[in-house]
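So, here's a batch of structures to check.
One chain, chain A, appears in both complexes that follow, with chain B as partner in the first and chain C in the second.
Moving on, here comes the complex of A and B:
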C-alpha cells in the first residue's frame, strides 16, 4: 500500500513539471464553469434570435453526460501519457521487480486515478449540472464517466507504444463517447448499432429516464475493462 | 539461495530453455556465460518471476518463482541490461523514488552515490548522464533496499576500461558484504575475474558448470608452441609438463635453431568454444 501511494505521488510530481498534462488536470473545472454559465446564456440568445422557445434545452442531459466524462477522461489521459513516458524509459519493466510489482503499478496508474476521478466528478457534477439529477443519477453518471475514462486510458496504453502514437489513439478512443448522441438523434432500431458502447446505454438511461439501462451501461464498460486488462497483462509491450 | 530443477521454457512452441539444473549458494558470484541470444537474460527473467510460464522448478530465496508475490522483491536487487530511469528526473529524485517502494529502509542514497563517484552529479537529469554514469547509477539502484540477492544483466558490457574496472570492483565489494550475485556476461575475462562458478550457456542449454579455474584446467594444461626453419617455417606444440619427452624440441634447443617459443594458457573463451562448439561473440 505504501508503495502504491509513493508511486501515485511520483506520478503527480511528474505531472507538475509538464504544463500540458497539468492543464489537462485543471480542465474539468474550467469546462464546468463554461458549461454552467455559457450554455444557458447561449440558449437564451439563440432562442431570441431564432424566435423559438427551446433549442438546446432538450439536450441538457447530453451536456451532463459529457460533463461527467470530462474529469475522468482528462485524468486518465494524463495517466496514460505518464505510463507511455514510463514505457519509453522502461520504468514499467523495472517496477515489476520492485516492492511495487505489476499489480501495484496498475493500482497506482489505473485504479487510484479512476477512484479519484470518480470522487472529483461526484463533487463537480452537482456544481455544474444543467438538468435536475437525482442522487442515483449523479452516482451513475460519475461511475459511467469514470469507467469510460478508464477504458480510454487502457486503450491508449495497450494500443500505443509511445507518446506520439498515444496522441493518435487518444483521438480515436475518445470517439467512444459519441455513442451518447445516438439515443438523442437516431431512430430506435438504428441506434442499437452503438450497443457495445457504454456511453450509448448511459445516454439511454438519462434520455429515456429508465434506470434499467444503467445495467448494460455498467456491464458493457466492465467487459471492455476486463478485456483490456487481460490484453495488457498478456501482451506487455516489449522493446 | 537458488535451486533450479529440470527447467524448461519457451517463448514460442519451439523448445528453448531445456533441462536446466543448477544451484547457487549463498555468498557466491555465479555467472551465466554465453553468446548473444543464448538465453541468459531469459533465464534471469525466469528466476525473477517475470516469466511464470516455465515447466520444472525454480526456487529463489525459498519461493517458487511462479508463485512470487511483491514481498519476493524486497530481498532482490535487479540491474537490467538497459537503463531503467526517469530520464527527465535527476539521479537523486530517481533513487529517492525507487527506494520508497520498499518496506525496508535500506541504504543511504548519499553513501551509494559517493561509492560510485556520482555525488556531484546527483542533481543532473539522467538524460544528461554518460553511458558509464548511467550504468553505475542503475547499479546502485539495485542496492537501494540492501537486498541479499543481486541479479546483474551484463553489468560490464559496453563500458570503457576505467568504468569496466570500477564496475568489477563494485561487484566484488558487494560480494564482501556477503551478497549472492547472479550475473550474465559474454566477456570471458570478466567471468574469470568475478565468478566463483560459471555456467556455459548456448542455445538454451547449460554445457558446463564449474569454477573458471577448473574449467580452464579441465581442458589440458598450458601448452608450449615453438617454430623453426627447415625448408620453410614449421610449428609444433607440446604440453608444458611433457617437454622433456619432445625430441624435436630437444634437438632444436641443442642446435640453437628455435625461431620462437611461447607458452599459452587456454582461456575460458577457448574452453567455451571447445565445449559448446560456439564462440562467445
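Moving on, here comes the complex of A and C:
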C-alpha cells in the first residue's frame, strides 16, 4: 500500500508540473456552476423565445448524469495520459519491476484516482444537481460515472501502444457516453442496440425512475472493466 | 520531390496509427447521428460536426504526433536531413486535411448540405487553421496533458464564436472573424471578401509562425543546440 501511495504521489507531482492537476480539480466545480446556474437560465430564455412551457427541463436528469461523469472522466483521462507518457518513455517497465509490481502500478494509476473521483462526485453532485436526487440515486450516479471514467481509461491504456494511438482511442472511447442519449431521444426498441453500454442503462434508470436498471448499469460496467483488465494482463505492449 | 515523399510518409504514419480506421468509424457514427435528427436540423448539425471534428482534428492530434516523433527521435533525423521546416509543416497540414476533406464530403452529402465545393473549401481552410495552431502549440510542450491544457484557450477562441455564429447569436459585425468565416463556408452560407482576406492573412501568419517554431524545435533536438 505504501508503494502504491508513493507511486500515486509521484504521478501527482508530474501532473502538478503541467498545471493539469489544477485544471482537473477546477473543471468539475466550474462545470457544476455553469450547469446549476446556466441551464435553468437558458431554459427560461429558450421557453420565452420559442413560447413553449418547457424545453430543457425534461432533460435535467441527463444533465445530472453527464455531470456525474465529468470529474471521473477528467481524473481518469489525466492519469491515462500520464500512463501513455510513461509507456512511451518506458518508465512503466521500471516501475513494474520494483516492489510496486504491475497490479500496484495499475492500482496507483487507475483505481486510486477512480476512488478519489467517486468521492469528489459524491460531494459535488448534491451541490450542483438539477433534479431531485435520492441518496441511492446520488450514490448510483457517482458510481456509474466513476465506472465509466475507469472504462475510458482502461480502453485507452489497454488498446493503445503509444500516445498517438491513445489519442485516437480516446476519441472513440468517449463516444461510449453517447449511449445515455438513447432513452431520452428514442422510444423505439432499437435503442437496445446500446445495451452493452453502461451509460445507456444509467440513463434508463434515471429516465424511467426504475432502480432495477441500476443492476445492468453496474453489471455491464463490471464486465467491461473485467474484460479490459484481462486484456491488459496479456497485452503484448505492457511487459 | 521531398515534399511528395514527406506527404506519403505522413499518410503511411497516419494509416499505421489508425487515423483512417478511426475516422471511418466516426464517419459511420456521425451519419447515424445525422439520420436520427429531424430533417430541419441536419444542415446545422452536419456543419457543427464537420467544423468540430474532421476540420479540427489537427488541433486534437498534433500534440501526440509531435511528442511521439520526439520520443522516436524523428526530429533529430529531420534536423540532419536536407529538409526545410516549411516542407514539414505543409506535409503535416496537407495529409491531415486530406482526411478532413474525405470525411467532410461524406457528411455533407449525407446531410444534403448545399454548395459542396464551398463546404470542402471551408473544411480545408478550417483544417489548415487548426492544424497550424496545433503545430505551434505542439512545438512548445513536453507532455500530452500540457498540450491538452494549452489547446483549451484556442478551442474557446475558435469554437465558441463559431457555434454562436452558426445559430446566429452573434452580431453580424463579427461575421469576418476567421472561425466564423470558416463556419459560414462549411454551412453553405454566403461570406464576405473581407472575411476571406482576413482568414487568408491569418493562415499566412500561422504558416510563418509554425515554420519558425518547427525550426526552433529541430535546432534544439536531442536536448542540445545544433
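Please note the rule applied: the second predicted complex is superposed on the first by the 229 of 239 C-alpha atoms of A that agree within 3 Å, B and C clash if a C-alpha of one lies under 4 Å from a C-alpha of the other, contacts with A are read in each partner's own complex, and residues count from 1 in each chain.
The criterion applied here is as follows: a residue touches a chain if its C-beta (ideal position, glycine included) is under 8 Å from a C-beta of that chain, and two chains touch if they have at least 3 such contacts.
Because the structure is a prediction, the values reported are computed rather than measured.
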item: Combined model on chain A: chain C and chain B, fit or clash; value: fit
item: First, second, both or neither for A:163, with chain B first and chain C second; value: second
item: Which of chain B and chain C A:175 touches, first, second, both or neither; value: second
item: Which superposed partner A:2 touches (first chain B, second chain C, both, neither); value: first
item: First, second, both or neither for A:97, with chain B first and chain C second; value: first
item: Touched partner set for A:89, first chain B, second chain C, both or neither; value: both
item: Contacts of A:186 with chain B and chain C, given as first, second, both or neither; value: second
item: Partner chain in contact with A:43 - chain B first, chain C second, else both or neither; value: neither
item: C-alpha centroid angle, chain C to chain B via chain A, nearest 10°; value: 80
item: Lowest inter-chain C-alpha distance for chain C and chain B in the superposed arrangement, angstrom; value: 5
item: Footprint overlap on chain A, where chain B in one structure and chain C in the other make contact; value: 14, 85, 88-89
item: Chain B partner contacts - residues on chain A that touch it in the complex; value: 2-3, 6-7, 10, 14, 17, 85-86, 88-91, 93-101, 103-104, 239
item: Chain B to chain A touching residues, read off their complex; value: 48-50, 69-71, 73-74, 76, 78, 80, 82-89, 97-98, 100-103, 145
item: Interface residues, chain A side, partner chain C - complex; value: 14-15, 18-20, 23, 78, 81-82, 84-85, 88-89, 162-168, 171-172, 175, 185-186
item: Interface residues, chain C side, partner chain A - complex; value: 17-19, 22, 25-26, 29, 36, 60-61, 63-65, 67-68, 71, 143-146, 148-149, 152
